[in-house]
Amino acid sequence: MLSIKNLTASVEEKTILKGLNLEVKPGEVHAIMGPNGAGKSTLGYVLSGREGYEVESGGAELNGKDLLDMDIEERAREGLFLAFQYPVEIPGVSNMEFMKESVNAIREQRGEEPLSAAEFLKKAKEACKQVHLPLDFLKRGVNEGFSGGEKKRNEIMQMILLQPTLCILDESDSGLDIDALQVVAEGVNSQRSEDRSFIVVTHYQRLLDYIKPDFVHILADGKIVKSGDASLALEVESEGYAFLNKVEATA
Amino acid sequence: MSQWLDQVIEQAANLPAEGWLAQQRHMSLAKLKNRRWPSRKTEAWRYTSLSPIEKRQPLTETSDTATVAVPNINGLDCIDLVFSQGQLVSELSSVCLPEGVRVFSLNSADARELADGRFTAIKPERHLFGLINDSLIEAGVVIHIAEGVKVKQPIRIVNVTSGHADNHSRLLVSVAQRASAVIIEHGEGVDDSMNTAFSEFDIAAEASLEHYRFALFTDSALHAGGSHFRLADSSYLNSTILGFGSKLSRLDVDVEYTGENANADINAMYLLAEGENFDFQSCIEHAVPHCTTDEKVRGIVGDKAKANFNGRIHIHRHAQKTLAELNNRNLLLSRGGQINTKPELEIYADDVKCAHGATIAEIEERALYYLLSRGISRSQALIMLNFGFIQELINEINNEAIREWMTELLRTRFARMEVK
Amino acid sequence: MTEQIEQALSRQYEAGFVSEIESETFEAGLNEDIIRRLSAMKNEPEWMLEWRLKAYRTWLEMDDPDWAHLDYPPIDYQAVSYYSAPKSMKDKPKSLDEVDPELLRTYEKLGIPLHEQEMLAGVAVDAVFDSVSVVTTFREKLEEAGVIFCPISEAVHKYPELVKKYLGSVVPRSDNYFAALNSAVFTDGSFVYIPKGVRCPMELSTYFRINEQNTGQFERTLIVADEGSYVSYLEGCTAPQRDENQLHAAVVELVALDDAKIKYSTVQNWYPGDEQGRGGIYNFVTKRGICHTNAKISWTQVETGSAITWKYPSCVLKGDNSVGEFYSVALTRGRQQADTGTKMIHLGKNTRSTIISKGISARDSNNAYRGLVQMGPKADGARNFTQCDSLLIGDQCGAHTFPYIESRNPSAIVEHEATTSKVSDEQMFLCQQRGLDPEKAVSMIVNGFCKEVFKELPMEFAVEAGKLLEISLEGSVG
């Protein structure tokens, strides 16, 4: 599914990712944890092609295609979905109209017919229900005046609608209370399948109580410094990121 | 062409021809001669008729200077420099100045050096009465605050005029790098006096200026003045402006940013009654990136008074990351009163945040109801609400003595106004 | 990112073709003889000619206005031809079958089929080509309801009393320089009269096309909605792509009598000139409506064309409780310049007005909102709300706001707000991350910015407007 080899990337001439390697197979859920400033969000931005994030060396392939060679929207149409940590507002553009364009652009790429208005509406309503968003959110401007939690749920709603193959969740838990967190996690879990993979980026172990990862990686100073199973997350939870110093010392 | 302007030109031509100031006058006079007298179609005078000035009788004799009292601000410990009837009456040599502050008469050779690149250079040429002032000035002061010197004691420049007298005075202030100062321009005029007081402020890098301008002209007094600021890198201007109205009172404030990361906060208030006029115009030139302007203008207009406000914000090309906000709120209390406002934006850079708002309203019914329901009388409630509207800006004044003086002054004035 | 946005906006002008039509065109120049000839061409009664000559003499005494934020070389009014009409129109074709097929093809190419059976049901069209009206559709159907919809040149003959009563009653001949010029030389345009209590059964529209070189178009529209009636009217306009500037100076007068409502929508897509600023229409338009008691006039405009736009559709709220609305989108690209806005003159009690203006500037263009809100001494309880938003695309354009607010009534409330913004990199990234290409992303964000205005366009016309504009406004309506 996703293969990242020795990826080095910089922002404003400052190197953030320093030779990162990661293999994600279909159906797997990988959690990426790490202290602030480790490069967690950068990974999502680099993979999705955000402007200003320069790849210096290394590579990343999605389903055997060179990801880094594609435009932002091409990557999205290949099935890459990024749930943003801070979703931007687009005044006046309704969620519905936005998602309809997006769904149909991705369907076109897959050689599928565009959805009719009725079909789309049906799917959109279902997606809203799944993340407990009132239906009138479809008519509202994209993220316009949404609370922090509503924005996060809106991201998951979009993920459900777009049916991507690789989902990168960038701190989808930050700023959520426990109820909202469960809603987000349920939304994600409902989408787990044999041919869909997830990269869950988080600072805290809390989210991983609800989204059980197959693998946990610790990202520090632009590299994955430790990998393990779900128990690694608990270790981080009890010991904090301080143990990284030990790891680095032995590395 | 106006007859009055002809007289001004003649009068200017007859002033003494020696000294550096005479040369300056001469240059401005040449420009003034090419200037057309504004009509109602002239945008800058769209809402204010110049006919009271056109009809003004020429001066025959220089008036007596001794009759005019210097206004007092209780509890304010400041250095006063007084112009009365157009003459500088303070003995500059005997004024006790804090360390690092120098004050010169505009005529002096020392002033000439400081004036270079500042005098008539900070004030935009478009102001007709600025050119008139240039051409007629005989008296003025230049203040210099030395590098790094923080002067806490306010320096007040007082302009008082009464009877049938003219007062064309001038101020130039240079605040050197990292220095700070408090300057108060206090103008009062009564009877059928005329005043054109223009001032220029050069605020150097990392310097700051707390500025006040009180344009308290009343009755038949005529006034057209301006305060003009130039702000260098990381400098700061905080300006509070108070205007009363008279037969004709006009004030122009200009801010030009020449260095990045400079800020200006401007608060202006006007409270007009009877048949008074006040015309306040500001122009903020964002010529460089990363500067911030916050301008708040509030006015209350009663009786048959007329307020005009024109607030222009001009973001030049390349002045990216500018933040500029202008807010003008007005209360019109009476039938017969008039408010004209025009907040203007002219923007040539895309990565900026600019907003302006203007409202003309009456007191909010809900607020009034709330006060009445607490047992407050209607008239008292109206005074409280109206005054509260201005009080918000008064509360932002740094200087306590000025804050209290202004509260009292405005309350007294407000109490005389008829509230519906 | 900005480059992508600009690319997305720089589309071809699709209405820029020239129709091969033999025309009868006056030589360039303006004088009293020209006006007499023009009047004679239209077989006008003496009073109409006199009216024109008075306007002309007024115009001679006036100066070109110079207060707008526009920069263009002085216009040589003697270099313009003031009349041009297809020769085939001379015989006054009695039905569509007699109209030159090339003319019909022109409108078809523009997406305006003039055969009734092919047209959008429920929309009647008056097609004006250079100086004459080619055809007005659905006239019989409208006549059944008592609605008059015909070329104004015809109304002068058939309804002289109505024309005499209302022509120049809202925009007097001496109102401004361009209105005076139009009053002297106007050639055609539409006349609408909706009788008392009638809700016009169809949407009415006029489609203006300039074709001939070096001619100006000077149309005049007069709409009278009698007591308690309602009409919705749309105008569209296009012109060929030429290197020379062409002059368009129109006057539109609306009269909404007691309890009447007029909804007037414009989709203006005159040729804007090329990226270097060569060619394009100079569009100087005076539009004004008067509202009597309880009446309402709503202006909606989508201005995307013209090299120069000088236009301020206004409302005189004379009657108590009357309502004025102005919804505007003005998009400038290349070297286009727009100075547009509105005037809301509140004279009556409890009058209400709303102004929503959305300006989008890209490339080297300049886009200014200029508005006047005036609360008269008798406008007790009047209210105005104004929102002016500017969207800047690139760092070479200009966006300006010049609102004049004047109040003389203590119980009147005026609220004005203006903001500026840009299409942010974050917005573009989000859209692209969700699979939209940059063009689609820009058009979606720009459309979102304009939504409040687009939703005011009548449904039937929104489709048509989209076609006229060829700007991808899909999904912006509703």
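Per-chain numbering from 1; labels A, B and C assigned in written order.
Just so we're on the same page, a contact is a pair of C-beta atoms (placed from the backbone, for glycine too) under 8 Å apart; a residue touches a chain by one contact, two chains touch by 3 or more.
What you see is a predicted model; the values in this text were computed from it and never measured.
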item: Chain closest to the middle [Cα centroid of all protein chains]; value: C
item: Maximum centroid distance from chain A, chain identifier (CA atoms); value: B
item: Euclidean distance of C-alpha centroids - chain B vs chain C, Å; value: 44
item: Intercentroid distance (Cα basis), chain C paired with chain A, Å; value: 48
item: Distance between the centres, which are taken as Cα means, of chain B and chain A, whole angstrom; value: 57
item: Chain C residues within the chain B interface of the complex; value: 2, 67, 69, 375, 377, 390, 392-422
item: Chain C contact footprint on chain B (complex, rising order); value: 43, 317-318, 320, 330, 332-362, 420
item: Residues of chain C touching chain A in the complex; value: 1, 424-427, 429-438, 440, 444-445, 447-452, 475
item: Chain C-touching residues of chain A, taken from the complex the two chains share; value: 48-51, 71-73, 75-77, 81-82, 84, 87-88, 90-93, 97-102, 105-106, 109, 141-142, 158, 162
